[in-house]
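Some structures are shown below for you to check.
One chain, chain A, links the two complexes that follow: it is found with chain B in the first and with chain C in the second.
And now, the complex of A and B:
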C-alpha cells in the first residue's frame, strides 16, 4: 500500500494518552478514503445514542486517497466527522487549503479524538510526535489569533492549524473548524464538538515523503489532468468563481431571498459575482497542488467595514446577501470575515440571521431581545453584529446559536413555519420549490439540508429534466449523484474540478497509480454505494426515520410569489412520490431502510442488525 | 554583473499553489514532499504569494560560508553543487542566504536548486507551474524588461 501509511492516531483527551492503530489494504479498498473512512470510523467508534457533546463522541479527521500527492486539486483535502450537534445524525464536513497535505506528511492517515480535557488544550502533532499542550491562553481568541500564537510559540510559520474560534468554545451548533485563514470544515457544527472537548485546535508539521505506487505513470496522467484542470471545464471557478451563481439563480427564480419570502432579489446586481470581481477581489489564489485556483480574496472598500478580508463563494454571499435582504457588498464581506474569525458556518449563520430578521419583523422578537439592534431585512450592520452575538451567545444570539430548528422551538408563535432547515441543518442557496430533483437530494441528504452530497440541482438548472415536476425516476438520478459524490469525497477531489474526470474508470486508475491497490471503475462505483448505505445505517441507528425526511413548511405551503418560478411549491404528495422513487432505486424498503439482501451485496452484513432494529452482536 | 540564469518568480502571477514544490520533490526525490523542494513557496496573509529558490549569486555567500568546502559554484552556469560527502548539514550556508533558497533535506544535507541540469524539458518547476509564473532568466533580462515597461508607461 502506497500513499497511505495505514496509521490511525487515537487521542484520548480525558487521560492525555494516545496510541497508534492500523488499517489494512482491504479497509482501504472497501472504503477508499475521505468519506468512506469517515463514515466507517464513526459508525465503529461511536456508541449508539451518544450525545454530540458527550466526551465519547469521537472527532475524526481523515485524509483522502490522494491527499498529499500532486493529483490536481486533491492534495490539501481532508474530511472531519463526528455525531453532529445540529442534526444528531452524521456530522460531516470537508476542507482544503494546506492542512490536509500536512496531515498526510505527518504519517498519520486518520485522527480519532475522544474524551474531554480538564482544561483547554491544543494538539500538536510534529511528524510522529504527539503532544497535548495547554491552551488556556488561546481560549477566547479568534481562529486567526490562535493560529498566530501557536506558530509563534512553536517557532515555525509553516505549521498548519485547524481550530475553533469563540463559536466553537461556546458550543454554537453552527460552529465550524477553520484552517489556513479562509478554509472551513463548515457544516454540521463540528466546531462545537471540538469545543465540547476543551480542544482549541489541531496543529501539524509533517515532513515525511508521500510515495506513490507508480510515480512515472501518475506524472504522465497528471500532465493531461493538469491541462484539463486549467481548461474550459473549470473556467467558471477560475474566472468569476461560484459568485457567478448570484445572477444565474436570480434569473431562474431560484435565489433564496429574505428567508425564502422570495426567490429573486432586487439588489442581486449589487452583491453579484460581476460586481465582486470588478470592484472587490484583490487576488485569486490556490490551495496546495491546485492548478485550478479559485480562492477569490476580496476586501471591503469603504465605510465601517473597510479593510475586512474574506474568501468569497456564492453560498455565503447568498446567505448574507439576498437571504438577509442585504445589498451592501462591504457588509457581506465583513459578515463572512467574522464567520472565519469566530469560526461559524458562513452558510448556516446567514440563514439563522435571515430567520431572526423575519422573527423581528413579525414582532416575535423585539429590540429587548436583540440588544437594541434594528434587526430588519436589509440592515447590513445589524447582520454583521448578529454573527458576533451568536458566536459569543449574547442577547438573542444565545438562542440563535442553537440553529433555526431549535430557535424556532424556543420562540414558537408559528416561527417553525419559516425555520428553513432539514433534519436540523440550515438550507443552502437553491430555492427548492422550483427545483424538484434538487429537493429530493436535500430531503435524503445524510447530513441534512445540503447540496453538496448530491449536486442534483444540475439536472434541474440545466434543463435536462422538468424542474417543476416530481416523478419517481428522479430517485435514480439522485442515487447516482450521491454515490459518485461519495467517491469524489473519498479521493478527495475538489468539486470544482469534478467535471475534468472521465468517470469512475479514470478515478479508479488514479487510485491504483497512487496506492498500488488494484481497482476498477465498477468496484469504485460499488464502494460509493457502500458508503451511501453505511451512512444511512448510521443515521437509522441514531433514530432517523422516513418521517424525518421532510421539507420546511414554507417550501410545501408558500408558493414562490414572483419571478419565473412563480407559484412553485413542493407538496407533501410530491415529497412522497420523490421519496418512494428514491427508496425503490436504492433497493431499500419504503421506510428507507436497507434490506439484508442489499447489505449482503455490499459486504455490509455486519451492520444488518441496524436495519433489523437490533443490537450489535 | 551576474550573467547566470536562474528561476525567477513573477509575484503578480504566483498564486501560492505550491505545484512547483511538488514537482521539484518528485523530480529530485521520487516522492511528494514540499519540505524537501529546492523551490519554496511563501504566502503572507491574506494573499501575497511567491516561490523562492537559488538566484545563482556571483561570489555566492553560501560557498564562502561553508566551513567544509562542500559547496562549489559552476563557472559555466552558476549552479551551486553540494558535495554530499562533505556536507554535514551545519547550516552556515542557510544562515547567509538572503533568499532562504537553501533547504536542509531530511537526510541532513543541504540541497540547492540545480535548474534540473540535464533534464529533458528543463526545470520541472517551470514546466509544471500552472500560472506560468516562473521563468528561467537573468538579472539583466529582468532589468531590461522593467525598463521597457517603464518607458511604455511614460509614453502612454
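And now, the complex of A and C:
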C-alpha cells in the first residue's frame, strides 16, 4: 500500500500515554479514507450510549486518500469525527487549508484522542514524536492568540494548529475547530468535544513525503485535472464564489430570512456577493496545492467593526445577514470573525441568533435575559455581541450555547415551533419549503439539518425535477447523492471542484494511482453505499429512529409568505412519501433500518446486531 | 420574440458584464438558441459559464427560470419565449465542508 503509512496514533489524555496502531490494505480498500475511516473508527472505538462529553468519546482526525499529494483541490483536506454534542449522533466535519497535508507529513494517517487531561493541555506532534504540553496559559485565549503562542513557544511559524477558542472550552454545543485562521471543521459541535477533554489544540510539523504508487501515471492525470480546475467549471468560485448565492437564493425564494419568516430579504443586495467583491474583498487566496484559489478574504470598512477580517462564504453570510435581518456587511464580517476567534460554527451560530431574535421580538426573552441587548432582527451590533455571549455563556448566551433545539426546550412557550433544526443540528441556507428533494436530503442527513452530505438541492434548482413536488422517486436521487458525497469526502475532494471529476471511474483511477490498491468505479460506488449504511447503523445504535427524521414545525405549517415560492410548505404527508421512497431505495425497512441482506451484501454483517436490536458479540 | 428581458446572476452576471437587459435577439428562436446568441455576443467566459465542453448543451449546474419558474433544461430546447417574458440565468454552487 502506498500513500497511506497505515499508522494510527492513539493518545489517551487521562494517562498521558500514546501508542501506534495500524490499519491494513483491506481496511483502506473497504473504507477508502476520510469519511469511511471516520465512521468506521468511530463505531469501533465508541462504547454505545457514551455521552458526547464523556472522556471516552474519541475525537478522531482522519486524512483523505490523496491528502498531502499533488492531486489538485484535495491535498489539504482532513475530517474530524466524534459523537456529536449537538445531535447525540454521528459528529462529522471537514476542513481544509494546510493542516491536513501536515498531518500526513507527520507520518500518521489517523489520530484518535480519548480521555481527559487533568489540566488544560495541547498535543504537539513533531514527525513521529508526540508530546502533551501544558496549556493553562492558552485557556481563555482565542484560536488565533493560541496559535500565535504555540508557534512562538515551539519556535516555528510554520507549525499548523487545529484548536478551539472559548466556545469549545465552555462546551458550547456549536463549538468548532479552527485551523489556519480562517478554516473550520465547523459543524456538529466537535470543538466542545475537544474542550471536554481539556484539550486546546493539536499542533503539527512533519517532514515525511507521501509516496504514491504510480507517480508518472498520476502526473499525467494531474495535468489534466489542473487544467480543468483552472477552467470554466470552477470559474464561478474564483470570481465571486458562493456569496453569489445571496441574490440567487433571494430571486428563487429560497433564502432563509428572519428565522425562516420569509424566503427573500429586502436587504439582500447590501450583503450580496456582488457588493462584497466590489467593496470589501481585500485578498483572494487558496488552499495547499489548489489552482482554483477561491478564498475571498474581506475586511470591514467602517464603523464599530472596522478592520474585522474574515473568509467569506454564502452560508455564514446568509446566517448573519438575512437570517438575522441584518443588511450591514461590516457587522456580518465581524460576526464571522468572532466565530473564527471564539471557535464556533458560523452557520449554526447565526441560526441560533436569529432564533433568539424571534424569541425577543415575541417577548419570550427580555432585556433582562439579554444583558440589555435590544435583540431585534436587523440589529447588527446586538447580533455580534450575541456571538460573544454564546461563546462565553454570558446571560441568555448560556442558553443559546446549547443550540436551538435545547434552547427551545428550555424557553418553551411555543418557541419549539420556530427552532430551526433537524436532529439537533441547525439548518443551513436553503429554504426547504420550496425545494423538496433537498428537504429529503436534510431529513435523512446523518449529521442532522445540513446540505453537505448530499447536495440534493441540485435536482430542484436545475429543474430536473419539480421543486415543489414530493414523490417517492426522490429517494433514489438522494441516495445516489449521499453515496457519491461519501466518496468525495473520503478522497477528500473539495466540493467546490466536484464538477471537474468524471464520476466514480476517474476517482477510482486516482485512488489506485495513489495507493496502488486496485479499485474500480463500481467498487468505489459500493464503498460509498457501505459508508452510508455504517453511518446509519451508528446513529441507530445511539438511539435514532424514524421519528427523529422530522422537519421543524415552521417548515411544515407556515407557508412561504411571499416571492416566487409563495405558499410552499412541506406537509407531514409529503415527509412520509419522501422517507418511504428513500428507505425503499436503500433497501432498508420502512423504519429506516438496514436489513441483514443489505448488510451482508456490503460486507457489514458484523454490525447486523445493531439492526436487529441486539448487542455486539 | 421581441423585448424579452434577460437577468444574469453571480458569475454569469460577471461574465455578461450586466445584471439585466432587454433583447430582441433570436426572434422566433427557442430559449436555447437565444442562449447561443448571447454566448456569441458575450464571448468565451460567458459561454463557459452556461454551456458544457461541447458548447452544444447547457451545463448541469445552471438554473434557468422563465417568469420566476425553474424550467427543465430539456424544455429550453423547445420553449419559445413571448414578448415581456423574463428569462433568468443562475449558477448552482455545490458547497464546502
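Here is the rule we go by: the second predicted complex is superposed on the first by the 617 of 617 C-alpha atoms of A that agree within 3 Å, B and C clash if a C-alpha of one lies under 4 Å from a C-alpha of the other, contacts with A are read in each partner's own complex, and residues count from 1 in each chain.
In this text, a contact is a pair of C-beta atoms (placed from the backbone, for glycine too) under 8 Å apart; a residue touches a chain by one contact, two chains touch by 3 or more.
Being a predicted model, the structure only gives us computed values, none of them experimental.
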* Room on chain A for both chain B and chain C (clash or fit) -> fit
* Asked: With the two structures laid over each other on chain A, which partner does A:498 touch: chain B (first), chain C (second), both, or neither?
  -> second
* Return first, second, both or neither, reflecting whether A:380 touches chain B, chain C, both chains, or no partner chain. => neither
* Structure fact -> For the superposed three-chain arrangement, angle chain B-chain A-chain C (C-alpha centres, nearest 10 degrees) equals 80
* For A:95, is the partner it touches chain B (first), chain C (second), both, or none of the two (neither)? -> second
* Asked: So, does A:207 touch the first partner chain B, the second partner chain C, both, or neither?
  -> first
* Please indicate which partner A:236 is in contact with in the superposed arrangement: first for chain B, second for chain C, both, or neither. => second
* Touching A:58, do we find chain B (first), chain C (second), both, or neither? -> neither
* Between chain B and chain C, report the minimum C-alpha distance in the superposition, expressed in whole angstrom. => 17
* Structure fact -> Contacts of chain A common to chain B and chain C in the A-superposed view none
* Asked: What does chain B use to touch chain A in their complex?
  -> 15-19, 22-23, 25-26, 29-36, 43, 45-47, 49, 106, 128, 130-131
* Touching chain B in the complex: which residues of chain A? -> 68-70, 75, 101, 105, 181-182, 206-212, 215, 219, 226, 229-230, 282-293, 295, 297, 299, 309
* Structure fact -> Listed in rising order, the residues of chain A that touch chain C in the complex are 77, 93-96, 185-186, 231-232, 235-237, 239-240, 242, 244-245, 247-248, 251-252, 273-274, 313-315, 451-452, 455, 457-458, 460-464, 467, 494-496, 498-499, 564
* Can you check the complex and tell me which residues of chain C touch chain A? => 7, 9-11, 13-15, 45, 47-49, 60-65, 68-73, 75, 88, 90-97
